[in-house]
Amino acid sequence: MSGARVSSSVAPLRATFGVAVERSLVSCGDTIVYVARERSHDVLAWLRDTSGQEFNYLTDVTAVEYRDPERPLEVVWQLRSLGRREDLRVKVALDKRQPLEVQSVWDLWKGSDWLEREVYDMFGITFAGHPDLRRLLMWETYAEGYPLRKEFPLRGHFSRAEQTRQALAANPEAHYSLEELSIAEAYGELPRDMQERLARGERGFLR
Amino acid sequence: MSQRTVELSLATPGLDRDGTPTRIPLGIAEPPGAHYDDDFGAEHMLVNIGPQHPATHGVLRLVVELEGETVKRVIPHIGYLHSGFEKLGEYRHYNQIIPLTDRTDYLSPMANNVGLALTVEKLMGIEVTERCRVLRVIACELSRIISHLVWLGTTGIDLGAFTPFLWSFQERERVYNLQEAWTGARLTTSLTRVGGMMADIPDGWEAGLRDFVRTFPSTLEEVDTMFTRNAIWIGRTQNVGALTAEEAINYSLSGPMLRASGVDYDVRKDRPYLGYEDYDFDVPVGEHGDIYDRYRVRLEEMFQSTRILAQALDKLKPGPLNVDDPRLILPPKSRAMSDMEAMIYHFKQVMEGVKPPAGEAYMGIENPKGELGYYMVSDGTAKPVRWRIRPPSLINLASLPKMCEGALLSDVIAINASVDIVMGEIDR
Amino acid sequence: MGLENPDAESRAGGPTVVSEMSPNWVTTRLDFLTNWARSNSLWPMPFGTACCAIEYMATAASRFDLARFGMERQSFSPRQADVLICAGRLPFKLAPVIRRIWDQMPQPKWAISMGACASSGGIFDNYAMVQGIDTIIPVDVYVPGCPPRPEGLLYGIMLLQKKIRGESIVDDQLREEQMVGPSGLFLPAERVDELSEPFGNSVHQTRSSS
C-alpha cells in the first residue's frame, strides 16, 4: 500500500476545496479521495468539467458497509477520464446516526440513474435531486428492508412462508398502469405525505 | 387464390352501423386520417412487454407508452431475476465466489471467472505465471465469441431471421466441446482460482482450438454475406436507436455499445491486463451509433478474437501454471495425502480460504457486453466485506428509454436486442 | 368388420389391427390413444429465466433438436402450451408471474422444473430466491443439474411422456385446478412456522398445491 503513486488530481482538489477534501489514500494502486458530504456534488462536477481533470466517465456508483457497526457507510463513485486514461475513486462517509443522504449526480451523468436507484434499493441511501428514486431490483412494496445492509440476514427477516405469501400477493399488473406513469412524472411535485404513501405502495388515492 | 381467401386474410370480424356482424376489410388504401374523427389517436396506449416474452432476452419487462405506433416513452422494469449475488458473496471465501460469477453473465462464464481472479490478485498483489496469462486470454476470447454468437442468433430471431440462430448455436456447440474438455462443464466453468487456474488444458486441446480458429471465420463470412448488405436488415437497423458519442459517454455505456457510437475505448487497449498489449489486434469503432454499427462492431470483434486466439496459441509454452505459493494453490492430492506440511496447507486453505490484506481494489476487464468491473473490499478476513459487480449490461440497458424516443414499436425490440443484455447480470 | 372383440394383448393398452385385410381399422383403448397423442405432441412453454435457458436453447437448436420429441412448436404464449418448462432460477419477484402463466395455461398441462435453482433454490439460499418452484406451482418432473445438460433435459421430457402415457382421462382429480390467492390455499405464515419448527429454515415454506 505504501509507496504507490497518489493521483495527480489530489493536490488541485485540496487547493480548490480545502478542508472539504477530508483525506486521500492509495489502495492497490487506486487513489481514493474522501470528501465532505455537503460538497460531494461540487467536487464531482469540478472533476468532470475542469480542464486537466476531465473525469468525463462515471464508471460506477455503489456503497460499502463495513462489518464494524461503528464505521460509517461509504458511498463510492468510480470516475474515469477516457482521454487521460486515469481513474479516481471518490468517497463520502455517511454517519449511520445521521440521515443517509447524499446529493445525486444525475444532472452530471445520466448513467447514474439506475446505479443510484440500486444503491437506494440495497442500502437505503437516498440521493437528493434524483428525479425518480424508486426501488430498482426489489419490488416496490418490498417490506423486509435493505438487503445489502449488514444487519439484514442472508435469508431475509421473514420466514419463507411469509416471503412467498408477500411475493404472490404483489399484484404484478398493478403498477404498470397509466397511473404509475403519471406518478413517475409528478412524484417530485407531490406533497410530502403523498410521496410517503406512494413509497409505501399505496395506490388509488390519486385521481 | 380464391375470392374467399382474400376476404378472410384481409378482413377482421366486426359490427356494421346497424349492429349486425360483418367483416371489416383491413389494409384499405385511403389517406391516413381521411375519415377518422379528431380524437382518434389522442389517447396514449400502454403496451406491456414481458417479463415473460421471447424478445426480451430473459425476464426484462418493458412498459411502452405509444401514440399510434410511435413510442412516447419506454419504462424498463428490472429485478425479476434478482438473486442476491452480492449478498451471497459476503458469505463466501474468495475462491468460492468464482462459481457465483459463472452464473451472473452466463453467456461468457470463463471471462467472468478471469475477472474475479484478477481482482483478488490485484487485492493481494500477485503476479500469475506466463502460461496462466495466455490461457486466461484464450478463455476470455472464447467467451467473447460464444457470447456474441448468442447475441447474433437471438437478434436474428428478433428481426425475423431464424437461420443465424442455428448457425451460431452450431458453432457454440464446438466451443462448448472445448470448454467441456477443459473444465468439465458446458456452461458453469469455474475455470480460474486465485493465483492460477483450476486445471491445465488436456492433451490434444490445442489442436482442437486450432481447428476451431481455422474454420470459424467461414461461418462469420456466411453471416456477413447474409446480413451486412441485406436490405431488410439494413432497413431495420440503420439509423435506429442511434446515440452520439457524448450521449454514450454521459450514459456510461461500455463495450460494443460505446465503440459503435464512435468512442475508441477498449479496456484491453487502454488499461491492458493479462498482457493484451503484446497481442496484435484491432478495435472496431463505429460512427453512427445505431444498431447496424453495433452489429458491425460485434461481428468484427469475433474476427479479431480469432486473431487473438491464433496468437495466443503460438505464445502458449510449457511452464508452470499456478503461482508457487502453498497458501494460495492447493497442493496436489498425492502430496496432500503423504506429506504433513502439504496436508496442513490443504486443510488451512479449504477451511479458511485465502486471506487478502485489508484494502480495496477495482478491476475492470473487457467482457463481451462491456466493461465488467469487480470491486472488492477486504478487511483482512477470508470473506470480502463487499463484492460489487459493475454490470455492463445494466448500465447499457439504462440508456434504452433514451434510444427508444420517437422510434416505432417494432424498433423497440430491435433496439433492446442490440444492447446485448443478459438478465442474470443486470439483476444479479 | 371392426366390431370384433379385441384380443387379450390389446386390453393391455396397445392398439390392435383388427383385420389383415383392412389395415385402416384399429381398436384400442381411448386412454391409450389420447395419451399417445398427447405425449407425442407436447407444446412446451419455455419459461427461461437464467443459465438453464441457454441450455434449453441449445436443446432446441440443431445439435440436440427438441423437435424429435414432438416439440417442434415452441409456444411462447401460455394459452397454447401444454408443458411449462421453468428453466432457471425463480426469485420472489417473479413468483406471481409464473403463477399467472401457470393459471393461464389450459388443461391438460404439465410442468418441468429444469435445474437445481428451479427445483430447490440451488446455491441461492438467500432472501431473494424461491426455494423451489414447487412452492408456487405443481411440478411433474424435476431435472437436476446446474445447469442440466441437454441430454438431461431430454431425459426429463421422456420421463414426462412416460408419465403422461400412464394417465387416465376419466381421472378428473388429475386435472383439478387449485387457485392461489393471498387468502386462498395458504396456511397462515405463523401456522406454517409452527408446523415446520423442528426442521429449520429450509422447510419454512408453503406447498401451494400438490
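Letters are used for the chains, namely A, B and C, taken in the order the chains are written, and counting of residues starts over at 1 for each.
Simple rule for what comes next: a residue touches a chain if its C-beta (ideal position, glycine included) is under 8 Å from a C-beta of that chain, and two chains touch if they have at least 3 such contacts.
All figures in this text were calculated on a predicted structure; none of them were measured in a lab.
Chemist: Looking at which chains touch which, would you call it a line, ring, star, complete or other?
Modeler: complete
Chemist: Consider the two chain pairs B-C and A-B; indicate the one with the greater count of contacting C-beta pairs.
Modeler: A-B
Chemist: Name the chain with the Cα centroid closest to the overall protein Cα centroid.
Modeler: Closest chain centre to the overall C-alpha centroid: B.
Chemist: What is the distance, in whole Å, between the centres of chain A and chain C, each centre taken as the mean of its C-alpha atoms?
Modeler: A distance of 43 Å separates the two centres.
Chemist: Indicate the whole-number Å distance between the mean C-alpha point of chain A and the mean C-alpha point of chain B.
Modeler: Centre separation, chain A to chain B: 25 Å.
Chemist: Just the number, please: Cα centre separation of chain B and chain C in whole Å.
Modeler: Result: the chain centres lie 30 Å from each other.
Chemist: Quick one: which residues in chain B touch 2 or more of the other chains?
Modeler: 79, 82, 84, 87-88, 427
Chemist: Give the residues of chain A that touch two or more other chains, as numbers and ranges in rising order.
Modeler: 137-139, 147, 152, 154
Chemist: What parts of chain C, by residue number, touch at least two of the other chains?
Modeler: 93, 97, 126-128
Chemist: Over in the complex, which chain B residues touch chain C? Could you list them?
Modeler: 51-54, 58-59, 79-84, 87-88, 99-100, 102-103, 106-107, 150, 165-166, 169-170, 172-173, 176, 186-188, 423-424, 427
Chemist: Contact residues on chain B for chain A in the complex?
Modeler: 44, 46, 48, 61, 63, 65, 73, 75, 77-79, 82, 84, 86-88, 91, 122-123, 125, 247, 249-253, 263, 265, 270-271, 357, 359-362, 364, 371, 373, 375, 377, 379, 385-386, 388, 390, 394-395, 397-399, 402, 427-428
Chemist: Across the complex, what residues on chain A touch chain B?
Modeler: 1, 27-30, 32, 56-60, 62, 64-68, 76, 78, 82, 85, 87, 89, 109-115, 118, 122, 135-139, 147-148, 152, 154, 176-178, 181, 184
Chemist: Looking at the complex, which residues from chain C come into contact with chain A?
Modeler: Its residues touching chain A are 92-93, 95-97, 99-100, 125-128, 130-131, 135-136, 180-182, 186-187, 189, 192-193, 201-206, 208.
Chemist: Give the list of chain A residues in touch with chain C in this complex.
Modeler: Chain A reaches chain C through residues 137-139, 144, 147, 152-156, 158-172.
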